[in-house]
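For reference, chains read A, B, C and D in written order, and residue numbers begin at 1 within each chain.
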Amino acid sequence: MIDRYRIFLLFIVVFLFMAIFAPRFFNVFNLTTIMRTMAMNAVVAIGFTIVLICGELDLSIGTIITFSGVVGLGLKEYLGYGGSVPIAILTGCGIGLINGLLVAKAKINSFIVTLGMMTILQGAIYTATGGNSISLSTEDAFAVSDWLSKMILPLITPRVLITIGFIVFFTLFMRRTRMGRNFYMVGGNTQTAWLAGVNTDGYKIVAFIISGFTAALGGVLFAMEGSAATLKLGDTSLMYIVSATIIGGTAMSGGKGGVFRTFIAILMLDVLYNGIILFGLGNEVKIFIAGLILATVVMYEAYAAYKHDKIVGQRAELLKELNTKHGK
Amino acid sequence: MMQTVQKESTQIETRLRTQSTFNRIFSTLGVYGVAVLFLLLGIILQISGVINNFLTAQNMLNIIDAVSLLGIVAMGMAFVTYSGHYADLSVPTTMALTGIVCVEMLKYGFFPAVIISFIVGLLVGGINAVAIGKFKANPIIWTLAVNYVSMGVIRLVWVNKQIYPDLKASSVKASVLFDNIYRFRFFDKIALPMVFLIILVIVCHFILQRTKFGVQLKLTGSARNVAKFSGVNVERVISIAFLLCAATATLGGLTVTSLSKVGAWYNGAGYDFKAVTAVVIGGMTLAGGRGSIIGVLGGVLIIGLMNNIMTLLGIGTFSQDMIRGAIFILVVGLNAKSLRSQGRDDA
Amino acid sequence: MSDTVDAVAIGLAFEMKSVTKAFPGTVAVDMVDFDVQAGEVHALVGENGAGKSTLMKIMAGSFNDYTGDVFINTKEVSLHSPSAAKKNGIEMIYQELSLALPISIAENVLVGRLPKKSFFLDKEKMNMETLRCLKMVGLDYLDPMTPVEEISQHEAQLVEIAKALGNNPCILVMDEPTSALSQEEVERLFEIIRNLKKRGLAIVYISHHLPEIFAIADRVTVLRDGKKIATKNVSEVTREEVVQMMVGRSVNEFYKHEAHTQKEETLRVENLSRFGFFHDINFRAYKGEIVGICGLSGAGRSELARVLVGLDDSDEGKLYLHDKELRIKNMAHALENGIAYLTENRKTEGLALRLDVRENVLAGLIPRHTKYGVYNQRLGTPLLNTLIKELSIIPPDPNRTVNNLSGGNQQKVLLAKWMACDTKVLILDEPTRGVDIGAKMTIHQSIERLAKEGVTIMLISSDLPELVALSNRVLIMRQGHFIREMQKSECTEESVLLAANGEGGE
Amino acid sequence: MKKLSTIVFYLIMALAVTGLAFAGGEQEAESGAAQEPAKESSLEASLALDDEVLALKAADGQPLIVLQKEQREVPPRPADPEALPEDDPLHWWDIEFAGWNANKKNIPESPKDGAIGKKIIFIVHGDHPWTTACTLGAQKVADVYDMEFKPMSPNWDLAVQNQMIDQAINERPDMILLIPIDAKTAPQQARKINQAGIPLILFNTLTDAAAMDYCITWTGPDDFGQFRMLSRVWADKLGKKGGVAYVQHNPGGSPYFARCWGPISELSGYAPDIYTLDKQAPGFEADKTMQLVSDWLTRFGDELVGICAADDSAQALGIFEALKKAGREDVLVIAAGNSKQGMDLVKEGKLYAITYQTAEGDGALAVKTAADWFNGKEIEPVRYLPKHIITKADVEEFYPPQW
């Protein structure tokens, strides 16, 4: 029971703590800041979570973020956002497709594939840009970025709205649709899923494509809002999202977890970091606390499993008998 | 009844026979096949005059020298991968931590400092060992968390400063000794790290192939439960694997710190994935229980050869990455394929 | 689907004509004709490698390159994918569990056919439908939303069956459905099968377990070397004839083990308990004796064994080896003292499938072959070769990857592993589960030999004929207690079974 | 369970929204807070402090702030710099002279009431010993003026820096000083601060020209200038001929260009016989740099007579390891300074020359400029740190190093 709602409780605790103690935390402006910070990683985490639910791993999301950002802005002056953004997102899907094919069809471990892909993209990014970040300081570019970052509702900017839109969509998709549930099935037991007539390879590939898609989307939106694409855009995202997903309760073994929990986990971490900055503390504290939380969660789960192993298969009536025996 | 069994086995026989000749070559030569390919490539390029001085003692020495640090770390990482626990992502911070601790402790003299930093390193390893060995925490995530925590510790303790051996050292002798961890050269050719690497390769190979621990680790890596049901103390075996990894990480940390003459939190960054790459190219499967230390050495050398040839060709740093990544996937993929065709990889 | 009714009408539900499936180098199934009528149980028997599993896989649509014609209700179909097989109303029940553990029962049962309401899933319908399926196997007390990992092994096995039944198949293929079931659950399963027959399903029943076949099947088809030997009405053949057809020559399946005489005690256990698993276990075992332990699944047999070899800790009680008390720290320690345990799960706990025969057989001997921390594998070679010869492991190649051995041979390797370390007490847990008769005989001979050489064998088996035939004594375990001890004289399959069910006089 | 979680989430959000009314007021209150003291008197007071500030010393014993008397001569911007060849100095005009041709957009008016008690937020690019020193220098100056000084470090993460800028704006300080993580994202960041009506000073890293429109001024090292100087010294020593190679800075940022194309473009005019063999960016890792240089030595042999490094700590150490192995102490190496390792190397006579880049001074100058602005002084669009080349001759003066 607690396990199920763990992440939500964690979030409430952190949020209330900050709301009460952190200076200048609890006001529209700052909460909006948090939402806007959350926006990119939250979108990217969707795909990563789905891949993890399929029992695979995607280490290339970080570089996909950067790559799509670069493509999206790099091509703007030739095609305009109308052309460049779709292309950027398609590139993301394409990379995902390649990952997926290598994992599902060539049967190479996803850890290897995506690690290699990470290196390849890293090179591609720098080769494409000659080590030079891309920026647009034209008026229409600024117009777009202003639009993306202006507040339309309390806490909600268009980019945040898009993010939440995708979160809701994928949450429903994974929870309520047959396709969504099949992802869980594939992760839970590929063999069974296949025998039940589920196209397991297909689902894995689709999972990687989704991952590529969301990563690209997150990257390109972020770049558009800043109307610049740096070459380190996604560097920190990977580890950040991995920890968030795990803290959110998605299992590396696959078949467990959910998009919404990951979202809440991301939000939780962002609230935490935001608060830490407000307290005037440095990164060292941030890193330290993030690490502690992650470690605690992992250890907690491991220990629960460890205990479970010890008592699995106990017979109730024997325990009862035991009590009576010791009773007298 | 006999003949049925006979028959079924002939089935398998043929399956084994029908595996492509390439796979057999690959599985026999293993990673060194690839290494040889690269050597040939280099030689051909040299003959055709595209590059020069490739096949010289000095250049070969450079290659080994350049990868010796990576090799040292990879040796330890190999044990973790071999035990079926993918990778120890806490290696980078372990390197940084031990390095900075050693510099800090130089005030008590060189050897105490080294000993203390090894103790620290093994402590980190010990934490991993308990969590993963006993409680079966997911290795990737757990080591990642440990990486964060110890990084936090370094930065909290040394408040984002970097510290210098010659300022911390009790005596000039101590700091000179420390600088020489990296710089000392036998017949001013063979650098100390290279010697470390060679010794490590021999020792680790012996451990893995010939000792009780090695055999038990192989069994554990191939099938943890089976090992448990064969009377192997899997907790202990896995713990030792992580401790060994921490130990080599410490050695690597000291080396890299001595090289850059400064103790700082960013030393050793990136060595987690670098090491895994080397290990896996070297023919160790993430499934565990497959491959050998010699293979890992081969993987390390391949990386060195690749970089060397590409730089000699004048390929830019960034294009090099692309090639590196592609070759990585290719080699590992082929290795997995050949293993599978022999029913030696349950993928 | 309502074609269950049609099935009755048409009679011939499923028919295969001259089906062939070739693997590179061999023909696994060779021009086999096979048919099942609606409302009959057709047993399919044969040794490992005889081709029955291949035949079954063809029915399941696992191969897309078999040749021959398949008719369902007299209309020709092609079974080139699992979904195709499903569409034609063929359902499989596999030997090893094929459920996704972290997923809810409901989704496991309804996998591939989750009910939808417009775009979304229909939760209520899911629940009702799942409960309907579970009811058929008497599990409707489970909450469909609980993940499978939280229910017990044999419940899972039944869920598996419920899953298959849930698709209203008109042809149902069962591969060793009873392997993980206790006697009582087997009875329930037979009950279910009989009902299905009444409803006009055609059932293919694959089993090594002849008694079951004679209990439930109407017809039996025997395969050997991928060829069909014969199809007979069960009423018209005897067990011996079937065995003869299977192995191609006449054997007497079991031979009697002469009564045990020696009275030198090796093992004595005094009110040993692991709370919640078994309580107050007392028994003695003597040199060269084969002690059978009989009980329904979940009676705590394996748990007892695990404690005896130190895989789990006991909560109270003492264990004496040769009259000396022994506190077992861990399995390594138990091995040093000559107590070994052959697990019932060959694939997960018994053998490292990716390693070769040598490494597996010598796995138990690692400490013994280590001098000054240096392990010397060559020390084991002579022993290895004699064992391979004695157990006639085919092929006799110590460097063969275990993955590439047949089931029977794998089981032999597993036994060899424990015969290798000369033990005083050897606990065998289901030593012949899912093994063909040939291998079974070899294994039994080896067990006999060990006993003759003075090893105390503790035989845990749900294979009653085997248990009765081999044991000198049978200890009946029920719900975590030893409730009775039966001497060889009073042991018959029936009496033992009754006792295990808690019936029959003391 | 989805239901519950959703409810919880929106409940929190609702809570937040309700809290906004008073929160809004809070901000106003603070912005008002700073301007208590009577204008003139405090202006007097803060002007009086200037001498004290200029007297400050950095950790290396050098004066913390040396205001450049003579301005650097700025050539007119060519029509299209990009069109010119890369080894033409003017090709880099937009990076080198960014800010000189800025057309400032709604820059706030100086309050002219002195720097005392002002609240400034000091956002750097990330954690690094250099940054630590830089922040220290800034702190020193701020203390003299008794400003409320709040440093922030985003640890090289752009998303975090953006967040910090938002949070900084939210605190309504009197001025924000910013080192943008990336030259190209600077315009957006500057623009946002500018639109929030908070005065901004960019420093240390040269940014895109566009960013300069939104800040009061830019202060920092004249990276191009320094390297043009450095390269001339280098060229003289090399006898104005031979093949050289460049170990580049990490991409993304002016140093990447200044410390490679600066010399190349300068030498194309000053010493045309010096030609570039190769340039690579191995990052700030000693071992990777070592491998790179070893391979260079193998590839070019004696043709390679000089190496120019973007960093005098890890990179320089790597270079000298490689040279030692190959027994090529003759290769002439220069680098950007001034870390301890670098100065030690200069002292040992290995490293020929390094640039003097005072880290403390960098931060200090920015804060001093801020103070000048509060004091209502005239601020030129760009303020450079003093340029100096450290060689063995004068290296002693710069001990102990700042970081």
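Brief remarks on what is shown
Here is the rule we use: a residue touches a chain if its C-beta (ideal position, glycine included) is under 8 Å from a C-beta of that chain, and two chains touch if they have at least 3 such contacts.
Treat the numbers as computed from the prediction; the structure is a model and nothing was measured.
Chains making contact with chain A as well as with chain C: B.
Looking at A-D and B-D side by side, the one with more C-beta contacts is A-D.
Taking the mean of C-alpha positions as each chain's centre, the chain lying farthest from the centre of chain A is C. Averaged C-alpha coordinates put the centre of chain A at 34 Å from the centre of chain D. With each centre defined as the average position of its C-alpha atoms, the distance from chain B to chain D rounds to 38 Å. With centres defined as mean CA coordinates, chain D is found 73 Å away from chain C. Taking each chain's centre as the mean of its C-alpha atoms, chain B lies 43 Å from chain C. Counting partner chains per residue, chain B shows two or more touched chains at residues 155, 159-160, 287, 316-318. The set of chain D residues that touch two or more partner chains comprises 127, 281.
Of all residues in chain C, none touches two or more other chains.
Contacts between chains form some other arrangement here, matching none of path, ring, star or all-to-all.
Every pair of chains meeting the contact definition is listed here: A-B, A-C, A-D, B-C, B-D. Residue ranges of chain B in contact with chain C, taken from their complex: 1-18, 210-216, 218-219, 222-223, 225-233, 287, 289-290, 342-346. By the touch criterion stated above, chain C contacts chain A in their complex at residues 60, 81-83, 86, 92, 94, 98-103, 107-108, 111-112, 114, 116, 119-121, 152, 275-279, 298, 300, 303, 479-480.
Chain D meets chain B in the complex at residues 127-129, 131-132, 278, 280-282, 286-287, 290-292, 294-296, 298-299, 301, 313-314, 317-318, 321-322, 325-326, 340-341, 344, 403. Residues 23-26, 28, 47-50, 224-226, 247-249, 311, 330-332, 334-335, 341, 343, 348-355, 359, 363-364, 366-367, 370, 373-375, 377, 394-395, 401, 403-406, 408-409, 417, 436-438 of chain C are the ones that touch chain B when the two sit in their complex.
Against chain C, in their complex, chain A makes its touches with residues 172, 176-178, 181, 184-185, 187-189, 191-198, 251, 253-256, 311, 313-315, 317-319, 321-322.
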